[in-house]
Every structure is written in C-alpha cells, then in structure tokens.
C-alpha cells in the first residue's frame, strides 16, 4: 500500500501546522485561569465567525453531539417540525425528529438537488402549526448546499425556529447567523476550519433558549444538554464536565487563523478551489453530482460515477495505489468526492485530486482524458486573480 | 498573576512530550486505512491495560459520556440498582439512576470513608432483587478508593452486574477487570495515563451486552449509545460518528507509554508518590482527608483544611501567587488536593506541591512547618528503592 | 503572493511529521545521560546508514562545516590533490584547496556531464604525487552524480585518500563507504533524509585520521576541528562544544525512519520518483539538464530552460503564483530543479512539480504540453510496481 | 536511574512550549520568501534585544562559532589584546588569542572574583598599544559577571575595540550594547532565552567591521567568516550557506517571547530567582561560589562544595537518584550549579534545585539543613512583590 501523501477527504481534513502545534500544546487543568480565559475568548471568536451575538456553546465531541443535543433540546412530543431533505444528513435528522416525538413534515428532493426556498415558503404558509424547521446548510455527502440566506428570513418572519446543520458550512460558504435570523446552528471544526474533530460549536438565539427552557424533555444533567452548558457554565462559570483542553487549544488556533485571513477571504478561497475542481472534473469528461452549479458546495466537489465503478472500490484504489485519500458517497449515491476544505482549499491541491482520480479511472478501465482534466484545472487557477 | 509552572491538579494532568507530539500529529481521514488500523490496535491495547478480554468501546468525549451512556444502556425503568456512595461522583450516579427510572438502593458513608465490601455483601444478600451495582473505584474529589478486588467477586457470584467508574483508576491503582469479574468499566485518559481529556474508554462484558440488548430504553442512534458502537463499528466496521483522530493518536501514545513501563510499575510509581505526599502533608502538620491510609488513593492526596481556610481561595492563591495549580474539594468537603498523576507521579513533583501548599498556608495565616513537611517528603523519596 | 503549499526544493526539503515532532521534543542538558546515550546511538545509526565501520563525527552546523573541517584537516601546504569538477560544488572545493595550500590538479567537465572513472584512473596513474582526491558524489545544483562505486576503488588501490561530498547522496543513491573504500564522507540531513538542516555527518577512516593527525595545519581547538571531536568526544567523552540537542533529536528520528524503511528501499523510492519526473519533463516537451540519464541524480531533476526564461524569475513566479517552491540553477546553468527528496520522493509529488512548472511556462509564454507531461508522469507511476 | 523530571542545568536549559512548537514547525526552503522575511525580521528583533543599531549576524552553530569567528576576524598577528580572565571561558579566549597571533595581555583574578573596571582602566592607560579588549560578560561556569556598564565605556573612550562573550548574558542581566559602546557581542539562544542550542547571535559595530575588513587574516569563504555574512547576505541577499530553518523558527519564537515580556522584566525575573536560590543555598548552610553577591550571576547560582564531595559525582547522583539535572563546575572549581535560566527562572523551580541538592548532600553524608534551605527560598519568593 502506498503511504498517505495527500488527504483530500471531506473532513476530517488536514490541519495546518499552527493548529497541530496548538493541539500538541501542554495540557492544563480546566480551571486554570489561563484556560478559563482561553475558553471564554474562543467562544467570542466563534461568535465572530458565525456573525452572531447569540450565545455560543462549545460542546466536547464530534459535531453530531451538538446536533443531537440541539434537536433533543428543541423538540417536544407532538411538536410540528418541517425537515428539509436533500441528502443523507437531512434524512437522518428526520429519523431523529420522529424518534424524539415530533410530528414530522418533510420536503424531500433528489439527493443531487436542493430544496427551493419557494417550496419552504409555501409549505410553511400552508402549515402554520409548524414551530421548527430543520435544515442542512451544507450536505457534505452529496456536496450540495441550501440557500440559507432565503430560508432563514422565511422562517424568522413566520416565527418558525430554525435548527441548522452547518457542520461543513462555516468558513466554506457565506453564513450570516444574525442577518439571516438563524436560531440554532451547529458546526464542526474539522471541515473548513481545518481544525480538530472533537468539538461541536453551537449558537443559540434567545428565542431558542426560551423554547428549550420551556421544554420539559430537553436534556438536563446529561452530556447532550445545552441547558447544562447555559446554566452551569454561561451563567455559573462551572463546567458541566471537563472540556478537552487540547481540542480547545486547537479550536482557538484554527479560528484565529480564519479570522486573521478574513472569513470572506476564506470563503472565496474555497469557492476558487471548487471552480478549479469542477473544471478539472469536466475536463476529465466526468460530471459533477449536483444537478446545477448553483447548489454545488464550495468545500467539496462530488463527482458522479458510472455504474461500472463502485465508489468504495475507487476510494480504496486511489488511496492504496496513489497515496491520495478521497471520500466516497457515504450513502448519497455512487459518487466520489474531492474535498477542498481548510488547508486543501488552496493552490494545486485540487490538481492532485484530479490527477489521482483521472489516473485511477483509467487504471480501472474507465477512459477519461487526464491531460485535459489537469489542464482545465490549471487554466482555471491561472485565470483566477 | 504568576505564570503557570506546575500543574499538580487531579486531571486533566500534564501530558508527556510523547503524548503531546501524538496529539499534534497530522490529522487524517477517519477511514484512512492507517487510522482504521490505529483505532483497532488501540482498542486492543486498552483491553490489555484493563486486563480484560471484554469488548472495548472508545467513545469520543470526556469520560462522563461513557458513564452516562453505560448507565442509560444498562438501566431499565423499575430495575433495582445498588449504588455505593462515598463521594460526590457516587452521589451523582444515584441521581442519574433515579432519573433513568431505576429503583435506587444506596449504601452511603461519609465522604472520607469507603463502603466496606462486607456491607455490600450483606446488602445484596438481603436484596436479591438487585440486578446492578454501581460504584466509583476511585473517588477523585475526595481522594479515596473502593476495594474492587472484593466488591467485584461479591457481585459476580450473585449474578449482579457491575458498572464501575474507574475514570482515575486505571494505571494508578490495581485494576483487574476480568479477574474481579467487572462488567462495565469506564475510564478517562486525562488522569493516570497523562493523556488527552477527550476520550472515554469503556469495557463491556458479554453479560452486560446481553442486558443492554434486552433493554428497550438503551440509547440507540445516539451519541450516548454503546449499542451503536457495537453494531456499527465492532461488528460492521463503520463508525457511528467521526472519532477524534487527534485524541486517538494521543490515546495510543499514552497507553503505549504505560504498557512499555508496565502497568504494575506505573501503579507502583503512583503508590510511591502518594506515600511521599502523605509524609509531606503530615510533616507540615496537616492531616490527609481519608479516614485511613488504606482507602487513600494513589493518584491524588486530599488534605483536610481548617475552617479558617477556604479550599477555593487556597487553590486560587497558590496558583496566582506561586504558579502551582492544585485542585480544590469539588463538593467533597473543605479540602485541597495535590495530584500525583501521570507524569507528575514522579520524583520531586510531590515536593513542589508540599512546598507550595505549605508556604501558601503560612502566607494565609495558618502556621505549618514547611521545612518539616518538605524534609519528610524528601526522606520518603530517599528511602524508596 | 500564494501561500506555500508544496516545497519541492532541493534541500532543505520538507521533514516528516515524525522528524518535526522530534525537533520539537523537550530540550535537555547535553550531559544528561539520556542525551549522551542518544548521541552515541545516533552515531552508530549513521554508520549503518553509510555502511561503514569508520568513526562518525556529528558536527553542529550545515553540512559545509563538515566539508571545510575535513578539507582543512586533510590538506597540507604543498600536498597534491586531484579535484573532480562537474559542477559548482566541485568547483568551489578547488578554490578551497588552493586557499589551504594544496597543489591543485583538476579534471573538469561541462556541468551537465560527469567525470569518468577512466579519466580519474589515467590521471592518477600519470600523477603518482597525488595524495588526495576530492569529489562531489551528488552535484545537487546540476542534478548529476559521480560513479563512486568505481572512483572509490581506483583511489584506494593507489593509496590515494578520498574526500567525498555526499551531502545529498546518502539515502538517495547507492553509497557504500567501506565497500568502495571511501575515507572521509560528508553528508547533511536536510536532503534525502528529510531531516534538520543543522547537522553535518562525517565519516572518517583510520587512514584519514592518520593523515590528519600528522597534519600540523589541521584545525585544533576550533569549531572546524575534526581532531577535537576525536580527542575530546570519541576518546574522552567530553563535547568540544555544546551540540544542538534539538537537531540531534531530529537527526535520530529521520535516520530511524530510513533504517526502518530500509536504505535500499529508500533509494529505490527516490529512483522511482526520478523516473516519474523525467517522464513528466519530457512529456512537457522539455529536456533534462544532465547529458545522459545514467548520470542524472535520483533526488532532484534539473530541467534545461530556454534562454527566454530566466531560472530565478521562473522559480519566483512558480512560488508566488502557484505556491510551489522549486529550486533554481544555483550557478550551474539556466535550469530549474524539481526535487524528489525525502518525503517528497513519493507518490504524486512529482506530478505537482510537473503541473506547476508546465503551467508557469505557459503563463510565461513558453509553450509546453502540460497534459502530456502530467499524463506521462502518471503513466510512469501507474507502471511502477 | 530516575527519569528526568527537571532540567536545572546552565544551558541548554528547557525551552518553552512555544519555542518547541516553533522548532517543530514545517521546514521550508531557505530561499522561500516566507523564510527570507522571517530571517530578516529575526535579525531586527535580535538587535532590539541587544539594544543596538549595529548589524546582527546569525551564524548557524553553537555560540562558540560566533566567538571563534569574531576573534579570528578581529585579531591580526602582532596585535596587542587585553584579555580579562575571571573564569575558564576567559582563560580559553586567551589561548585562542595567542593562537591567532595576538600579543596577549591579561588581567586575571581568582575564578570566584571579577576583574574590576578600575584595573582595566589602569591597564589600558598604561598600555596604549592595546587595540582590543576581550571579556566574558557572564562566566557561566563560575556563575559570575563582569561590569560591562563600566568596562564598555572605558574601552570606547580610549578607542579600544571590545569583543564580548555574553552567551548567557542577554536576557538574564542588563546588557546595553550601544549605550555601553560594545563593538562585537556574541550570545547564544539556549541560555536565558530558553531557545535552541544551534544558533550564534553576533552584533558588529561599524568600527569593528572596519577593523575586520582591514584584517587580511580575517576568515573569508569559511564557515567562521563574519565577512561572508556581511558581503553575501547583509549586502547581497545570498546566504553563505544554508541556515538552519528550524533553528531560526525557534530563535524567533524565543526572542518574541522575551520582547513581549519585556527585556527588563525578563532580567528582573532572573534576578528574583537568583535571590531565591542564594537564600536557599545559605539556608542549607552552604556558601555561594562568588566572593561577593555583587558579582553573582542572575542566571545561575554556583555553590561551593566541601572537598569531601566531588562536583561530578554529585551532579550524577542528583540526576540518577532524583531526576534533577544540575550542572557541575566545568573546570572553574569544585562547585555545583543550579541554573535559573529561561523558563526555569520562575516560581518554585529554584526550590526544586535546593531540595534536590540538599537531600543529595545529606544522602552523601554531608549534613545540611534541608528544611531551612527550602524555607528560606520560599520566604524569599513570598517576600517578592
């Protein structure tokens, strides 16, 4: 097996040297005054990243702990919830909602499409009993995005709370929490921030806190509890459990890096890499998975595979033969994904992905034009200012 | 405020350079074949550490996620559970058990004492309806331990399952999972292993799996679920969620270090540091918190404070004035704790703790004999082979 | 300016994560017993790497400190020395030799050629007064090598001492110190080992020591002194000056990695990357600088540039525009160099170099076939077992 | 043997986590624009540290490479040089001066004393043929200092150039290059800066450059050459040899830390730790080595040993038995040294040294009052604001 040279997977992605150094910094007691200051400072920086004045809760665990905690906190039995489904993560949220006792409404589209804001508007107007909308801003498994700039205001104007899975969204697409009126947003650090995979960032609006506090079923005295974090930590200054000192070091480092670069500049960097990768894919003679460029993510490019090539086999082959780690379809379909996320949303990294993918397809008997793919990707970089 | 020079707190404790380097190692995709191999290898090493052939589940989060997950997995509404209480962690488990619907039985002793195996035996014989015993092997907040070598077999011989909180136990006290017949054991890495604070190690016996699988209320499709880990990962090879690649790197490093040292040698190292610290405390003219040396932990020495000195004020003063981070009572009483845990269970670290504590007490108006304390600690080191 | 994504320069090259972690390991006193053991152990490992039983001297400084120290130690005023010149490093040695008082003999060939062993043999036979031959095994600036397997024995059989600059040679080409009878060899760690740039590795045969000891002009009580290292350290166990603890940590790590991989495997890895790069260069429609493949280095591929493209401008453009750091000609000619050295002698790294070079040439108005170049490189990788 | 817990040696000392992270940062090409900027920036920061507008040369190697290079550059055969000797480093400089052809004048005092500025003044007035004075600002082996604030101006006013060995001086004692009129000053990073042991910092005044340029014997085209650095790098922008990228990363980090703390604050920190250590030594019932407190260094405290205790044996014993690394006399006498240097010039580190030294002396049969020593050290800390 080849040694791993390039990690172009869709999260965890590679972390920068600065972030790695922070992850390896000395571990202190969680009540050391230096750590308390770092924790509070990082909350504030994350708020800046999310463009919000809402509370920030930094839960220890993969982003999904924030999603589950938020969903359990918000959902009451019998509550009407509209869930938007355009991929496996959205679909999974629906199972949870049902499990937690909600009356589930869903707008579902094929996994290479995106739910239109218009359909959301119409559905909410037709169902005034809906109190909460759940949506995945960036469906990483299929490489598509939702238009939160329109869905957010549609909900806010109707008094519908929003729970937004933006795990791979922050830093890799425009995301304006307060301007768009988003209530609970959950992100991870191991995607566009190029950070550690062990921390969930959750922002909570006052309206959301009000709803959570009224919910008798909201987790309390639990690892999943948002309320614990609010009451014990945000108000009381006592951690509900020991946070991961090393993860917080890593989180601050990667957030600092993005704030220094500028969030808009980081988004633009991801956008450019997406354009390079798409050009490369088309140059190979392949198609991107999303039905339209408008709904294709900036942080990962998903590529539609012919039936003759299995996505898991392909991923394995590319890694073992060429030392490049791509991501497979993860349930969204027969697709392969080249991520350009965090540090890999830069320069020639997409070219590496195109070259590895192209050569592997040829090896596996599927003719593509490698040279044209690489040339198209490079021409796109060359044309970018 | 002084800069932090010495972290002698009761976890997170300092990590070794080797562990820190591992935490800062490049982050890879969680399905990278190298990481999959590391994850499986680390499970096996953790089993060796626990002296068990039971399954090992490595959950991502502070150890408490493992405790909550295990308790929720095992407890059915109406189930009779005996909870042993000799400190705040044991007390907290009782609240959970009630919350999860158990019929709670408790044997409670003062927080400077330990529940005797004899009382457990008697209680279980008098209450054959009890199906599960919950116990804290190492009550870090009060610095006391339970005699698991006797409590384990008492339960096993009666068909009572055991759920053992050994978060700070593994590596710092004798702990023989299989020999003592312990069913579910939960440990953290940030204590005697000197590892990262973001991973929970859980061992599960077949009997415990059987009970969990029969429990309709056991968490499923949840961050708290042990069953997800069993079904998806242990059987299916698919992670229920993205594990923290960096934490796993750190975990393997600290477990490797302990296995190379030898678990028994590591325990002996902690024991020696405890003897040094106790001698120092008594040399100062203070008393240790545990009622008897036999029940005093090897990994942390808790010191009884006079009423005139508040434990939180003292901890703050020592840190801010002398750059030494100790731990306070954390609800167990008016006590201060000098940990000798992981890398700080070595050499002159306890002397630093005694010196800082002694001088701070004098500064705060409480006369102690600093010289005698330090001399007693050093004499103990000198006498140890 | 683009951020630096890829360092494909001809040393310092990138270091592996393992080596970087070692460089960042805690610094200890140089007389700490652990460090003394590490230093001695590393000497032995370096000897293994050089395939020698000669003494190893690890001087602190860039490899050139070893070259200067060795040359000054060996050369007496009036001594006849044959210097082989096929590039700038060889040429520079000649200036030194003259400066140190030697009677200089030179065989010089164009910088894209290599001095033939036959010409060495003839010259030595015609000039029996020659006592020392100096040669550059791997002329990094022009990417050519010398055939040490033949030149070594030619000298040895005639009683001529050899001083070999193999700074970029060890690990990236066959190098058998004892089998080929090489007396003094000097290497650096920042080339094929992917190690730190601050340590010079010098091997010294007994015959060389004898000559040095008889040389009144050999540096003594000097930073340049080999004799100090022999008398104070190798014999006396006292360092002539404080060695760099961090560099030695880094050196051991990178040597360990190569010994674990196997020196022959590492050489083969460099050879394969050279073949990939050469194929890519020719696919672009360019020519490699060396006159023949037989004399082209495995660790770096030098590419002949048209007069219309200046090598320094090109290097600057590729770095600033595409975030890829190549090396320029460094006095050897109008050439650009793609190194495949240490960690970059692997997988698709050469493809990155070809893509960056190709696109930059097109941008600068020099037409090359980027697609063909990349395809040729990839086809070569695909064909390698 | 005990594991190493505390490095209290007189350099290399421990490095901070920040410096270690920098040493382990990715290695780049030395002509990468980022590295070029870092190198130039670091020169400027070092100038700030030395309080000078003179040129700064950063040579790659232990500080002694800078001393040798500077001495060889300045000394002409037949030149009259006054060398001040109050310890082994001063003595060694005299041997070099003779070796390099100088006419040597020396003022020598016992190694626990310091040469008085008055004697320098008188000597220079009596010997107007002297062109250069060489002096060790901080004689680390004996823990004494010279009064550069007076010696500097004495020389400057007489037109005598100064070559100052301040290897352990910068950051740990007042040092004002320009105000005191010092011409060539050489420091290392592994002392009070807590930095890497592989870089020599040299400042050179215009008058010194003038003298060097006129000196035909000044090294040229040599690793020891200051002129190469001036002509090739400072003027030409080309490195005379590859600098150690990792060492430069480490150097910038430790210099940054000191500049952020403030040089005066850093000196005060060293001074306080010296006072704590001296109090501890006297509390033990021992004497410091320097004849008077006024000439005792802030960065290291040397302790006079009774004849019955050998300094090398003691150092070995303390390290092997207690895991604490002290320094021995290094030729200056039968003394042991506790350094408080860089990160260890802080908080309770001196107490660790006193405790280890005291207990070891008792173990070895020499009665000291450990308790009184530790109490005196702690009382001193307590009394410091």
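Things worth noting here:
As written, the chains take the letters A, B, C and D, and residue 1 is the first residue of each chain.
Simple rule for what comes next: a contact is a pair of C-beta atoms (placed from the backbone, for glycine too) under 8 Å apart; a residue touches a chain by one contact, two chains touch by 3 or more.
As the structure is a prediction and not an experimental result, all values here were calculated from the model.
Hopping across touching chains, the smallest step count from chain B to chain C is 1.
Of all the chains, the one whose CA centre sits at the greatest distance from that of chain D is A.
Centre-to-centre spacing of chain A and chain C amounts to 46 Å, using the average Cα coordinate of each chain.
Each chain gets one centre point, the mean of its Cα atoms, and the points for chain A and chain B are 34 Å apart. If you average the CA atoms of chain A and of chain D, the two centres end up 52 Å from each other. The residues of chain B that reach two or more other chains are 21, 24-26, listed in rising order.
Taken in their complex, chain A has these residues touching chain C: 2-3, 5-6, 21, 24, 322-324, 346-349, 351-352, 355-356, 358-359, 362-363, 369-372, 374-375, 378-379, 381-382.
Residues of chain C that touch chain B in their complex: 17, 21, 24-26. Those residues of chain B that touch chain A in the complex are listed here as 1, 4, 7, 9, 11-15, 20-34, 60-65, 68-69, 95-96, 99, 190, 196-198, 221-224, 241-247, 250, 315, 319-320, 325, 327.
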